[in-house]
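Remarks on the structure that follows.
Every chain is named by a letter (A, B, C, D, E and F) in the order it is written, and numbering of its residues begins at 1.
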Amino acid sequence: DFEHAFDDVKPAFGVSEVEMQRCLRGGIIHFSPFIDDILAEGKLMVQQVQQPDSTPLFSAILHGPPGSGKTALAAKIALESEYPLIKLCSPDDMVGFNESMKIEHMRRIFDNAYKSPLGVVLLDNIERIIEWVPIGPRFSNPVLQALMVLLKKDPPEGRRLLILATTGERSVLRQLDLFTAFDSDIAVPNVGGYQELSNILEQSGVFRNPQRAIDELKELSRGENVNVGIKKILLGIETAKQDRDMESRFANVVARARAQMGS
Amino acid sequence: DFEHAFDDVKPAFGVSEVEMQRCLRGGIIHFSPFIDDILAEGKLMVQQVQQPDSTPLFSAILHGPPGSGKTALAAKIALESEYPLIKLCSPDDMVGFNESMKIEHMRRIFDNAYKSPLGVVLLDNIERIIEWVPIGPRFSNPVLQALMVLLKKDPPEGRRLLILATTGERSVLRQLDLFTAFDSDIAVPNVGGYQELSNILEQSGVFRNPQRAIDELKELSRGENVNVGIKKILLGIETAKQDRDMESRFANVVARARAQMGS
Amino acid sequence: DFEHAFDDVKPAFGVSEVEMQRCLRGGIIHFSPFIDDILAEGKLMVQQVQQPDSTPLFSAILHGPPGSGKTALAAKIALESEYPLIKLCSPDDMVGFNESMKIEHMRRIFDNAYKSPLGVVLLDNIERIIEWVPIGPRFSNPVLQALMVLLKKDPPEGRRLLILATTGERSVLRQLDLFTAFDSDIAVPNVGGYQELSNILEQSGVFRNPQRAIDELKELSRGENVNVGIKKILLGIETAKQDRDMESRFANVVARARAQMGS
Amino acid sequence: DFEHAFDDVKPAFGVSEVEMQRCLRGGIIHFSPFIDDILAEGKLMVQQVQQPDSTPLFSAILHGPPGSGKTALAAKIALESEYPLIKLCSPDDMVGFNESMKIEHMRRIFDNAYKSPLGVVLLDNIERIIEWVPIGPRFSNPVLQALMVLLKKDPPEGRRLLILATTGERSVLRQLDLFTAFDSDIAVPNVGGYQELSNILEQSGVFRNPQRAIDELKELSRGENVNVGIKKILLGIETAKQDRDMESRFANVVARARAQMGS
Amino acid sequence: DFEHAFDDVKPAFGVSEVEMQRCLRGGIIHFSPFIDDILAEGKLMVQQVQQPDSTPLFSAILHGPPGSGKTALAAKIALESEYPLIKLCSPDDMVGFNESMKIEHMRRIFDNAYKSPLGVVLLDNIERIIEWVPIGPRFSNPVLQALMVLLKKDPPEGRRLLILATTGERSVLRQLDLFTAFDSDIAVPNVGGYQELSNILEQSGVFRNPQRAIDELKELSRGENVNVGIKKILLGIETAKQDRDMESRFANVVARARAQMGS
Amino acid sequence: DFEHAFDDVKPAFGVSEVEMQRCLRGGIIHFSPFIDDILAEGKLMVQQVQQPDSTPLFSAILHGPPGSGKTALAAKIALESEYPLIKLCSPDDMVGFNESMKIEHMRRIFDNAYKSPLGVVLLDNIERIIEWVPIGPRFSNPVLQALMVLLKKDPPEGRRLLILATTGERSVLRQLDLFTAFDSDIAVPNVGGYQELSNILEQSGVFRNPQRAIDELKELSRGENVNVGIKKILLGIETAKQDRDMESRFANVVARARAQMGS
């Protein structure tokens, strides 16, 4: 039964292409220069790990508000590395796993990675992996401890590894001493000014009158910034499509998402 | 024995018609325009998920006071979707399940749903599913974590899924970071003004003098609003039937229910 | 061994007559009009559940101070219902059961009840069933959750069920959100004024001079009310019988019980 | 192995004479009228339970400071009852038992008692049975719950049972709602005034000059009362015997015990 | 595997000579009259237990700061008793034992002791046996409870037992109600005045100029007392031997140990 | 499966040369006289344990900020001891081990060490071994207790053992009473003044203009000290190599690391 749980572990080597592509379903819209900076920083890390005389292990964490695009950007960096091994370690594949199964799952992913001369492991949503919940607070200490050790454990002689992680809970990770276990960190911001939003709406080609959508939103939310993640923006566009008055609907959905942010 | 526990899992595909109908035993009385708004909002979601170019997963939560009709309305939206797969995930079917059996039960329901091109899963009473209790507080973190992942996990290529959930504990869910894991939320109010109550009593056809019932209630409870869930109202009508002075009895039962609300 | 634990589960159908009678060993003394009110309210519930067009499930909880007669009155209501199935679910039958055995025990009792067209289940002393203890506080959350679901779960098509419960810890149940899970509640008071006590003493026929017993008690306890449960009163009469000066002994024992109440 | 644990359970029926006698190794010295009062109160309970028309279950708890003689007095009352069944349930016989073994052990003792027409069960040191420790605080809730139910559970038709318990932690038991679960309670005091101590020393016949021992103690401890349990007094006499200056040694040991009391 | 864990339990009867001698590796240096007092007090206990008419069980606890010589002195008392059975119960022999294995281990040691007409059991470092740690605080309640019962449980008819325990955490034991479970206690002090230290240095014969070592220490630590355990003093002498300037090194090491005491 | 977990335990005797070398991948740069002091102090301990007449067990802990070089220095001391047995006990080898597996792993390492006439055990990162996390706080008490006993348990007759441990959490260990369980402690500082940094940069031979790197860093961080661990400095040099403007990049990376220190 435990064994059974690992029946569907993906082939040991190679790239989890399909899974990575799914993280990128909405593409990468270059709505702000920040996006390019993040991808450039990622590229640098990819280069550094490749260097034969550098430390064989490098870890970075992408953090930012919910839906800001952390997973998509990490997947993008990983895919563009063109390393022979690219693995995703996601809570989605661990539903119903108990603590020791989770640790075993992660251990297998890293053991595979240690066999490749050059590899990337993407640890998605690590607060979910450690089962964090603010009431209590509670989390799985064994899983957290395993993560901490894996983040610091050198790959065997001649192997090189880049670890990319994502989280929406930077301060929690800091309190758990997990944040500083990373060699580097990258902040992923929300969609900020209205100009950025405008770029996205134009590119979507969905609205007849994008400016009206923005104007209505401005009125509803009264603030100089959009401050909503790209994911909610894209979802808002889809919800809007179902309505006759698409512009108003979009403004409504995004205004509501914005209000939730503050709560 | 564990296996045995799943003997009575319903046939994998299709619609849990009987179960859904049972949630609707009291029908849907259109005692207020709110009811229609809620059903309309539900319809919109049903449409959006059907759209082949939209995100394949959408989740919404119906929240409101006890007995306000959350389960009935969610069941109504699900049944009217006419999706080929409609599944109920209710604490009623998990009595005596331990944490891992609960998670396995949910996982099977979602796995079935992932096999249908288009499906609805109704997660009823999620505070009960996660075994929430305010003293402590306590809850099952593994079940909560499984829920959080299932709410965000995309169905496989080509499958589309609508998740409807109900809860009477919105603020608890918010503290658990579970509330914001939903794409959208719908508030379900109590029966509000006395006109709404009047609509219900008329439609029931049980009282000889509905106005007297309302007048007595007004006197007992001194307030501008009824503020009791439709479920308690319907139960009050039935209790009243046992008494000779039906009107007074009804007023009494509802006044007591109203007092409990505030406590 | 676990199986063995259920060897002595009573025959599935029918009435647990002997057990119910044992709850009524002291009979029901009509020492106050309250007693009749409680029995009448119970009768009404019995009628309502029988009504073919009413909701098939109704639950009520009898609450009051220790020894006030909650169990006896609930047993009386159940026996007088003359329903074909009457079952007692008592902590007495679960000594040494662990959480899952307790839940299984309750589940079996309800499963039996669901097979009868009309049934009563008496859940005695539910704070003891959930293993409540004020230090901590501690209780069995799995048992509590199972109770909460069983209290709300409709019996299958065509079956009707009345659930009667008793507790000495109303405020605890309220904090656990268990109290409001009942459709109705009935308060069971202590023996109140001295006239009520007088009624009881007369009826017992044990004392040569009941008034002296009462006068001595009044002196010892200085208060306008007796405020002791019927159970302690009856025990006090028995203890008194062992003494030569029965009246004084009785007054002493009851005064001590009264003092303990306040502590 | 679990089975093995019960290999040495004593023969089911009859009197645990040897064990009871061991509790009485120091005899019962009538150093104060209190002692006679306690034994008389115990006798009354023994009579009441024997009465065929009285309630078939009666429970009492002896409480007092450490070493005050609770266990010896309870054993005395039990032995003098001359009931056909007298059983001791002591933590001494449960070393290394886990929670369920403890409960099983108690359940067997009570099951045996339920088979005798008339029986006494002596629950010695119940704070130790429930594994109470003030830091935390911690205790075994399952064992506590089992105790609470056993204290209230009527023996079967025609059987009668007296339960005697001892504790050094009355206030703890009160907080646990365990104290009020008893029908009656008996306070066991320390050796109080110096006259009482004098009685004991005289009776022991060990000291050449008992008054000097008392005078030295008075000087050392400055207080009007001895306030030390009979058990420590008797131990002090034995320790004194090893010393040449017996009187001084005795005074020293008792003064130290007295100081510990206050701490 | 559990069985295996007990493979290396020492032969049941007899004296654990080797183990006891190892506790005494540094001998007993009579650097202060206190040392003789402690040994004398121990001798008295040994005599008392031997007395055929005394209570068959006596327990004492040696407490004091870390390294003050508690274990060595307890071993000395035990060895000099010349009882036919002398057993050591030390955390060293329980590394990796879980709670039930620890309790089983202790139970076996006591069961052996109960078979000898006269025996000593040395419970070394009981805060470590119960797994005490101040953060939380945490400890093993089952092990603590087993200890408490074993400390009070009389040996069988005709057997006599002396229990000696050691601890560095007197106040913790007091809070756990474990300290008062002992019949007597013996305080073991640090090396106190500089004269005592001088005695030790002289006797060691290691320093060419012991007075200089003491003078340097005085200068470093500014205080009227040495206040360091004999164990650290002896270790300091050894460390000093590695250095060319032995006197300074010694002063340094001891001053550091002294500073740690206060922290 | 448990057995399997120990399949890859290294050969029992001998030196874990490869593992030790890996801890020293960055070599030991003598950037400050402190480094030589630390190595000298280590040498002294190595000598002391070798002394046939000294105590056969000595333990020391190296503590300091993250990345300050604790593990490398401990490995250096161990390797230079030239003892016949040198063992590493690192959290890296215990990923996914549960508590009892961890304890078994440590026990095996010590059991091997006890078989060698002379040995060093390096316990790396002990806060990770005991699974410390500041939220809660949580840690494995059984593992902690095993460590505490192993730190104090003498090797068998004729064997001698040096225990070296490292930690980044001195104050935590102090609160757990683990710090004082060591016979000695060695502080490992960060790179301190800019002169020390200059030494390192010169020796690396990577920068064309090391002084500019230092000047930029000074400007960014405004403080008299570098206060960053040697590990981060070496990593910063590698990251810098990927950039065209190496000096600026280096200054940036180190300034960021410095800022994190304070957080």
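We adopt the following convention: a residue touches a chain if its C-beta (ideal position, glycine included) is under 8 Å from a C-beta of that chain, and two chains touch if they have at least 3 such contacts.
In this text, all values refer to a predicted model and were calculated from it rather than measured experimentally.
Undergrad: If you take the chains that touch subunit B and keep only those that also touch subunit E, what is left?
TA: Intersection of subunit B and subunit E contact lists gives nothing.
Undergrad: Stepping chain to touching chain, what's the minimum from subunit C to subunit E?
TA: 2
Undergrad: Call it same or different for subunit C and subunit D: same when shared residue numbers make up over half of all numbers used at their interface.
TA: different
Undergrad: Among the chains here, which has the CA centroid at the largest distance from subunit F's centroid?
TA: The most distant chain relative to subunit F turns out to be C.
Undergrad: Starting from the mean Cα coordinates of subunit A and subunit F, work out the distance between those two points in Å.
TA: 33
Undergrad: If you average the Cα atoms of subunit A and of subunit E to get two centres, how far apart are those centres in Å?
TA: 57
Undergrad: Indicate the whole-number Å distance between the mean C-alpha point of subunit A and the mean C-alpha point of subunit D.
TA: Computed from C-alpha means, the inter-chain centre distance equals 66 Å.
Undergrad: Among the residues of subunit F, pick out those that touch two or more other chains and give their numbers.
TA: Within subunit F, no residue contacts more than one other chain.
Undergrad: So with touch defined the way it is at the top, what topology do the chains form here? Options are line, ring, star, complete, other.
TA: Topology of touching chains reads as a ring, each chain with two neighbours.
Undergrad: Beginning with subunit C and moving on to subunit D, name the chains as they sit around the ring.
TA: In ring order from subunit C, with subunit D immediately after, the list is C, D, E, F, A, B.
Undergrad: List the residues on subunit F that touch subunit E in their complex, please.
TA: 44, 47-48, 51, 53-55, 100, 103-104, 107, 137, 139, 141-142, 144-146, 148-150, 152-154, 174-177, 180, 183
Undergrad: Which positions of subunit A touch subunit B when the two form their complex?
TA: Touching subunit B: residues 22, 25, 66, 91-92, 94-96, 98, 128, 131, 133-136, 138, 234-235, 238-239, 241-243, 260, 263 of subunit A.
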